[in-house]
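As written, the chains take the letters A, B, C, D and E, and residue 1 is the first residue of each chain.
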């Protein structure tokens, strides 16, 4: 309708302003990465060739390796974030699917039993001089078995349902990461002493990221699965298709837009994570954010170098965003299903 | 090939009792239709047979096998859903073949079965389309095709036509009927459209609140409803119910309506109803069993017309007899205006009498 | 359905999360009752709830909670308002919507460190572009990162810049799931856009809004990189946040017992907050179920 | 494949790979790499430099040591951390100390900073102290000179005392023209307290009471709130008033850029201002960078008599801010011997000579041989090189050179200081209040960690017996 | 009170032309129903009247006002949507009152209007429920209630009954008809169910591909369809179409079907069709205008029966005459089995003839 033409202009202006606000810092970084040092420290300049003479030096510096090994670090980041987010999305969407389609009941009392059995076994084993790691490795499955078996019985006390399970997943993101990271380092270190190197390994970091991405994946994917029509799956059930094939061959294709979006979001989170990467790596598997923060050295902010690092770290994310935007347009939120 | 038997089946959702107790036997190769108002438990019954819902109590048999605890895939039933439930990411061919592939049927056989099914259902030219690009009727046929290729013991249909428009519904109805003839297999069919029930069924099961009200072939259901519920549910427009007193006047049994009109009970029915004379009864008469009264009519009453609905071949008059709503189906050429009063003749051969308390037929 | 396969679906995820998070949780809980200095190595000793008592008694801790809450609540509030506004603009198919949609998501996917570094430069009181703008309006060299009010505004700006996209993404999804026809119905009633927003859009989006705000608050409470890089917690300790405080105690001083206690208090705080939040909103949410 | 052959007289470290922890390059890391290349050529051992952001280096080392991880063969670190890290470090092999190269190292490093509790624990790889820098073009501009003379009644000279320093700074402070008096680092986490210490050294590093600057070396009572320190803080705040806008958030790197960008007439800083300021690609004032010792004072607080002692000449107390980077070999390393050999190679006369004149290596002079001006003139104008080297050498060799604080639980102490300092700078507390608070908290910390132990450590760090 | 007029209205979506050119005049207080197959542009037309869609060209009038450019809220039309479009987060009362509140009607008046509407629609006891807890029919009534309280000039209905079950549909149909009488206001009603169209309309507009095929009162539409499209569309089951040759045999005009059967054209129609003798024509006859042939029938043909659908009062036979599909509605008691051949008598009074090329009636 024509009437609110002015309203539409207002909306457009609002978006345009936000657009400029969003892009300006990125543009600024881009031009800064081509600025000679002198132009960085003498007031703001915006337009290459007009305001200043662009130079490739900061880029050449970055790839010369003297500001850290960008190539190897970049590849580390790629491997780890791709594998961690893929694993997280696979496991997380499986769990999310189960939480949508099945009913779970976890008795609070069996959780208490888990704790008691775990601590009991651990303390008992360490008393008889079993190594810490082995004690833990025994206590964990024992406790798990005890609580799983206990859960079968109609124990008294409150019962947690699917929503509580989801909340449990989410709550794992509530803890400030500082201590978790340190504790995880201690755990990895102990495991390492028993011969399985975890610190500064591909698996050490991947497992950690998988675990901390899972809550988000479960939360987001649950919404997507909830909006899928259940009859389609029932049709397959009646057709004697095993659950797993239903999931893989029917549910996953139907939820594909959602899966892709969640994968990309997870990828973003892992790609950008700093603290765990810092603490759990020493050299071989360092990731980009660490290198990036290193550009902010005690020698002062060398904007041109920082800008290059930011651009390098940003590039894959820009591609991802464009991709994600596409997905959203092509009916991310279903609609095409029926 | 096998019939279906539900024995003392009870279904509760958490604490709400949806099906108090159900006993139902479907013969081998029979076409049974479940009808009933929304929420009466038709879908639930069907889903229990399919194994998509667990029976809280009781047993379910398919053929001679007890399947109560069996998972859906092993019951050898095929189900067609209201929303078709096609796999949106697969072509028609893949949709139909999917179940076979999962069961590792050899490719050549898959090919043959699919093309047979497609031919039967007239889908051959759409085999490579996706559901999105099919019309409602075509989608429905794909869903049926998917059910056919399994060669199941029992076909289950849950309101398969309710998403189609009126014309298509009539066409597909005929196709399903045809299919039953051709495949000669047990079918259970849920609908809340009584026309579908009447046209398709060997036997119709009328349900209300999880209880079977009557189970009979369509004509019986139409002509000899067991109670007011069934009488009102079967037939469109609904049967009219009028309160009346059954009076014995000499030889003649007569119905006195609330507005005072008197209607003689035909002689051949007198014997049946004589025992109830002197009682209050509910008099039931279908709209199609009345017509505009001519001079010689001996069983007539005035209808105050509210709405006139011309349907083409005939016209519906909706109005009141006394204070009670009344619908009459009259000849298309009768000119009546709303607010007029129109004398109506009752075809008393087709009358029904019910007990006003229990609603049971007398 | 009794379907055993459900366990195959859920256990892998549960196991991974349990294995990775359980040890840190127990370890931290245990530490929080001890006095542990890693460097130079002193033997740890149990001190009961001393760490907690000390923390609760420490003005700095409360200051830090205040700072963090100020930052979080203001920025998440504004993120929500802006995010919802932008999502609605995008949803109304504003011209250029395709381009906007892609661009608006970008900041969310950038490393917070990078974002902070970039903005620190923009907020530079001398060489920064913002200074230039302020100067042309006759207010040269504003103390963007050195005066309390300015600093909070700057930090909040950055938080908004980076995380509004998340709100946009989620609210857009929410908007797309709203039925279109009720809007038409309302239009036929001659309801103004403003009335439509308050009587239809906003109430219908409430459930997803509640979830989005909650997630944002939980994540925002962990803010560290931005503050650390842009202000280092300054001026003074006016912008020191909980996680920054924990970082100083934990990774600088390796005062681990104390840090663990901070973490647990933090966790308790969030859980209490979350419960209150849900309790307050529950009547609102239940109305529509 | 062909086995690598070590050079004659060198040990064979084929198959050895050393992991060297360092901050993200190029500073220091590139020097370690240069040394590594050289060492590889000589011994066939390999060097893997792993780099971390400076701020995360300490936690990185500490976590590794605490967990007993064999993560590093060589670590590079700040001397301030020596007390914390020393228990985990191996001793320097005696034979490293019997060479000519050893004697070439300036004794301030060799005999004081490389030692902890009587043992040589680490090797200096970088000399660090604060020197002052000024704009020759401004100071020697006749018009300015005349104007200055007219205003203050004396010649415009390079300031020798802090009073002169502030006079000059005030004179050149012209915000409307985009020129400011001076600049220092004021940001928390931006090396602020070293700048403050440089001020404090001039008023509190009493020649008669060596090592009494931070604590009373007899009682371990904190000295930070004595009048000398208060005066230093007042000065430090004065600098803030004469600094460019936003200075409250400056780290040392910013001060360098400000100076090199021609925004200030003076600054003081580590040696980097000299190298950056004279580099045409980074500086607008290349060719005009003058250097001198940081200003001194006629008066120094005597903590024993609780009086200001007045001297007849200006006492210069150059401050060994940060004390320069150190390299050491953790005891957990499986290649201790090779690691020390690598450290020795990296810091030998030849390699360190290269590093010291390489821009961006971050290495500043710490050997006598580094002060050979011929090398420097390749990078700077002769006058700049001359003044730079003199300032560096004289600072290092000054009688009253002040050492930086090194203490166990270092970060507990500095955190308190940083917080209070920032409060004082932001005007939330007066200098006296702020420093009183620091002193009180320092004393509490000392008590908490054990006064005797801390005292012993402090005395060791100050080279007191 | 006002009629609705569309003048030369054209509607394009991007480049697809949905409505090539439409002229339509709805009288004041008239009940006009738009029917047509899916996608023919009914909804689009209605939405253009409501102002929810802009007309690409042409003008729209409500009463005497031109509203072409006016925004929806100002046109004073009420619309009832196919999916009801109730506000899910509001109670029934709030739903009905919403439009009034928005217009800042005083609270007391709102209260009165809402309770009046609720009474008329039998919603009084549900006023505090949310739409989720209502059955389909109740929801529909709420939607209507919302439309009523505004007291609009024009009511627009877009397939309001298509989501209801058959029984409810019949009931609601009557209620809407009733409403029209009571409120005495212009109504435009879209459906693709021709029964609804026939029963409700003062005039029916049959559309195809955005073009009006015929516009007339229901009986005319049924008895004198303008072309094969309308003839086939109106009436259920559909009219049968058989190819035939129109032959003049002496006095008698005869139709010769493809299977050779000959059907005499009644004398009173001969004059009308005589001009076309010797031509190929399409012979149309409705299923309800045939019956099983008795001995004396002079207009009969054999039907090969495929499906038999008993509907209660009568039975449908679906089969073929020659190669052409044919449906016959016969007496319920006629016993025919599928695959049998059954002679059918044509009631030639009700015959139709069309031009096989253009489909136009002859």
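Here is the rule we go by: contacts are C-beta pairs under 8 Å (C-beta built on N, C-alpha and C of every residue); 3 or more make two chains touch, one makes a residue touch a chain.
All figures in this text were calculated on a predicted structure; none of them were measured in a lab.
Which chains does chain A share as contact partners with chain D?
The shared contacts of chain A and chain D, listed by label, come to C.
Going by the contact rule set out at the top, which chains touch both chain C and chain D?
A
Measure off the straight-line distance from the CA centroid of chain A to the CA centroid of chain B, and report it in whole Å.
So the centroids are 54 Å from each other.
Any idea how many Å lie between the Cα centroids of chain B and chain E?
The mean C-alpha positions of chain B and chain E differ by 24 Å.
Which residues does chain C have that touch at least 2 chains other than itself?
1, 3, 126, 131, 251
Give me the residue numbers in chain D that touch at least two other chains, ranges are fine.
56, 59, 63, 190, 258
Which positions in chain A are in touch with at least two other chains?
Those would be 40-42, 182, 186, 242, 293, 295-296, 301.
For the complex, which residues does chain B have touching chain A?
Residue list for chain B touching chain A: 50-52, 71-75, 77-79, 81-83, 85-89, 98-99, 102-103, 132, 143, 146, 150.
Okay, in this complex, where on chain A does chain D touch?
36-38, 40-42, 65-68, 182, 185-186, 189-190, 192-193, 199-200, 278-279, 282-283, 286, 290-291, 293-302
Which of the residues in chain C come into contact with chain A in the complex?
1, 3, 5-6, 8-10, 12-14, 16-25, 27-28, 31, 82, 85-86, 89-90, 92, 94-115, 117-122, 126-129, 131-132, 161, 169, 172-173, 176-177, 193, 215, 218-219, 222, 225, 229, 242-243, 246-247, 250-251, 256, 259-260, 262-263, 266-267, 270-271
Name, in rising order, each residue of chain E that touches chain B in their complex.
38, 135-136, 162, 165-167, 170, 173-174, 177-178, 181, 192-195, 198-200, 218-219, 222, 234-238, 286, 288, 306-307, 309-313, 316, 318, 332, 338
Across the complex, what residues on chain C touch chain D?
37-41, 124-126, 131, 140-141, 143-146, 148, 228, 231-238, 248, 251-255
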